[in-house]
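Take a look at these structures.
Next come two complexes built around subunit A: one with subunit B, the other with subunit C.
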Partner chain A sequence: MTLQYGQIIQYLPDFLIGALMALWIAGLAFAAGLVIGLFCAAALTYGAWPLRAVVTAYVRFFTYTPQLVQVFFLFFALPEAGITLSPVAAVLIGMTLNAGAYLTEIERAGFVSVPQAELDAAETLGFSRLQVIWYVIAPHVVRALYPALSSHYIIMTLGTSMAAIFGVEELTGRALNANAISFRSVEIFSVVAVLYILLTIIASTLLWCLGRWLFRVKARVF
Partner chain B sequence: MPAFDRRHLLGLAAAATAGMPAPTEARPLAEVLSSRRLRAGINPTLPPMGLFNERNQIDGFDADIAREIARRMNIELEIVQVGSPDRIPFLQADRIDIVLGSITRTVERAMVIDYTVPLHTQSMVVLTKSSGTAVPINAPADLNNRAARVVQVRGTVGIPWLQANAPQAQVTLLDNYPDCFRALAQGRADAMVDVAESILIPMRNFQVPWKILDQVLASFWVGIGVQKGNASLRDVLNVILFEMHRSGFVNTTWEKYFGAPMTTPIPFNPMF
Partner chain C sequence: MSAWDIIVSEAPRFFTWWNLRFLALALGNTLLASVAGCAIGYAAGFALAMLRLPQLVGFAGLRVAAIFWVEIFRRIPFLVLLLLVFFLSQFARLEAPLWAVAVTAVALRMSALAAENIRAGLETVRPTQWEAALTMNIPALTALRRIILPQSWRVILPPSIVHVLSMVKETSLVSQIGFIEITFAAKMLTQRGFSALLTYGTALVLYFCVSWALASLGHWAERRLTLRPAPLTP
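Let's turn to the complex of A and B:
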């Protein structure tokens, strides 16, 4: 049999909506994860030991278990305790907590790499701790860690395909629906693969703009 | 991010679309016979159609049917485990000769695979709970309510029915039957529209006051799938299925697994 792309054109608008959903789910979870990571990395670098222990336990737990299992727990185990999260909420919370743990590790590396001279200068100028983090450490972290953060964001964008299991109608979910109806697997999943490539480009462009506007990072997308 | 060339990207996109491996030709009847082996794709996550028995081997209604087909063809049966999303790629890549597993006959699918004459029927019903639903569901029409939460397995025949008959219902699509039953058990959903044959047995694993509404919303016909154009194999399967219906083998096997005859009987028809 031959491939009939004409038979699946009808699903394209639906797929594009799914691609946008993947983008915003990953974007939201990544942004929230960045903030969690920033605070946790600060806690690990400057915090007292009980705080460090709590943060370490959080990071270990979320980096040592698969994200799928974490979201599965949020979606299917929490209702047993009386907390019923909607599919999107479960996926967003799960991805945010997971991203927070990984980004803590990444951002901590950035904290450690800030030259002491810059910190001394900030202290001399009378910066508060928060000002030091925002004006001195954060730009340094983002600039030094741009490649690591960027690739984590892309991994997260692609990782949103996991959300299909929990009833979130993102790109993979919509592809599975179309596949079950039409049986045109090769046509559907090759189109979806191209859409994911486009998504990755859009995701890295967005991150590039963000880095450029907020911290004047000079990086290339292509 | 490493610098990388736009041309690589275009190449990648081109490879993903145009460069897909061409689907492999199916084995016609002569090849199946000379290899003395019929490869049947069976989905073991659809009890009782396909299931894992206590020795962890694939068994169930579909396995019994496939064994009988191979016996009548006087060749060996090789059962290949397939899942819902990959069963058709398995067929198109010529890893299996026939595919079973509640493959409802639809026009879209008939343009991709060839079906034999019907092996069995399916009857679509509403599954709900006798208590603990957001709105009382006593008739199919009760689902057409903004407060009614319906859960469905992706791509199942209940979804178009809901779109046409209960457009107001909130529908969540999940990946498989256990996830749907769990969502109903946990109070995340109130009802599910699906064929009785797919839900009757596995729903027993969940402690829920299940209620199935009496109305049969529609009947569907399930054939055995072969690769598009493999007429030499399909024609023989049609005759074998006719004989298996005539001898009562299909109905006996059905009752062995369901404890009752098919809800919608298959009319006896020698013309196909």
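Let's turn to the complex of A and C:
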């Protein structure tokens, strides 16, 4: 038995579309999770104790259980309660709730990073509330959070491979399909592993450049 | 029938001695794969972190190789890594048992994460201490063992417990190759006709308890080890 990489070249374009789909799924879940995280972090910082307790329970539950089992629960158990989800919907909802929990923890650190003195200075200068948010709070929060957020997006991109188990055709799902047709398992999965490495290196380099140009922050590429 | 009725009517049939025993075995397998994998991974990660110490390894090629290893295994999704190890063991006709495949995959992933953690821990000790030790003609390995590690292990230990926690969660993917851990046990029980609400709900509760215990241990270790002033500050 020998390795025959020639036989799987035909699948490469297919895999590249899958890679883009992985980035897209992670992007959607990340964007929605960012909003959930923003509200939860605000609730944890400024909310009353019953609200804080609820948010803490949400964060605990989703960070202490595996994402895969959460999506299994959404996909297999909710139909018994009368809610039927498509595979993509189940994966997206599961990943969003999961991302929301992790991003709550990350974004909470951002609220702490705004110095009170600068808020007082802005008030003295007669800034409106919108101006305070845009010129004082946002730059601090973005600069403090950008590295952690961009590395969480990369982790989520790797996490999308879990969607293959539910039949979503992203990179790993397409690899499983190609494997079922050609049985060139080692070749396919080694190529897919290399694709994931390249994909995340390109994505983190782009995020680094973006952070550099937009917010002048240094994020970690390697 | 509402969800609550399903749970109430099936619970006596579900929580029998045999099912509980089966779930306990599955829990044991989850812990075996994650703890054994993390132990091996940490040993490998320690070797990788040592390769990256310029005081210890003079040859830059080895340092670059260690960096490549870490970057490669950090960027492969666990599911893909697992399937790759699984198919490679079949390809090499090793006839490895499933637990060995699971432990190998966890150890490979962990080696990359552990190397980063250990390197960060070793870097908390000031470089002047290395220089002083080497100037006094203490061999580099002895300096690492007697001077650097006693100061840095308290920075390394708490995140390593969190790593075990994250591996307990990642091993849920091992159900895909048929290793009977909590997720696969829940799947089997579902296929035996129990309500998915009960089986996956129980799996979630089990994972939650294990993770909570590990996270509390991690917090305790962090409070205990890092807030106290280190005895050997320069």
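The criterion applied here is as follows: the second predicted complex is superposed on the first by the 183 of 222 C-alpha atoms of A that agree within 3 Å, B and C clash if a C-alpha of one lies under 4 Å from a C-alpha of the other, contacts with A are read in each partner's own complex, and residues count from 1 in each chain.
The rule is short, and it goes like this: contacts are C-beta pairs under 8 Å (C-beta built on N, C-alpha and C of every residue); 3 or more make two chains touch, one makes a residue touch a chain.
In this text the structure is predicted, and so the values were computed from the model without any measurement.
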| item | value |
| --- | --- |
| Combined model on subunit A where subunit B meets subunit C, clash or fit | clash |
| Which superposed partner A:Ser185 touches (first subunit B, second subunit C, both, neither) | both |
| Which superposed partner A:Ala193 touches (first subunit B, second subunit C, both, neither) | both |
| Which superposed partner A:Gln7 touches (first subunit B, second subunit C, both, neither) | first |
| Partner chain(s) touched by A:Ile201 [first = subunit B, second = subunit C, both, neither] | both |
| Touched partner set for A:Leu125, first subunit B, second subunit C, both or neither | neither |
| Touching partner for A:Ala57 - first (subunit B), second (subunit C), both, neither | neither |
| Partner chain(s) touched by A:Gly167 [first = subunit B, second = subunit C, both, neither] | first |
| Touching partner for A:Phe76 - first (subunit B), second (subunit C), both, neither | both |
| On subunit A, positions contacted by subunit B and by subunit C | 1, 76, 79-80, 164-165, 185-186, 190, 193, 197, 201, 222 |
| Contact set on subunit A toward subunit C in their complex | 1, 60-61, 63-70, 72-73, 76-77, 79-82, 158-162, 164-165, 172, 175, 185-186, 189-190, 192-193, 196-197, 200-201, 222 |
| Subunit B-touching residues of subunit A, taken from the complex the two chains share | 1-4, 7, 76, 79-80, 84, 87, 146-147, 150-151, 164-167, 169, 173, 176-177, 179-186, 190-191, 193-194, 197, 201, 204, 219-222 |
| Subunit A partner contacts - residues on subunit B that touch it in the complex | 1-6, 9, 12-13, 16-17, 20, 23, 84-86, 88-89, 92, 106, 108-109, 111-113, 151, 154-156, 159, 172-175, 179, 182, 186-188, 227-229 |
| In the complex with subunit A, residue positions of subunit C that touch it | 2-3, 6, 67, 71-72, 75-81, 83-84, 87-88, 90-91, 165, 168-170, 172-173, 175-176, 182-183, 186-187, 190, 195-197, 200-201, 203-204, 207-208, 211-212, 215 |
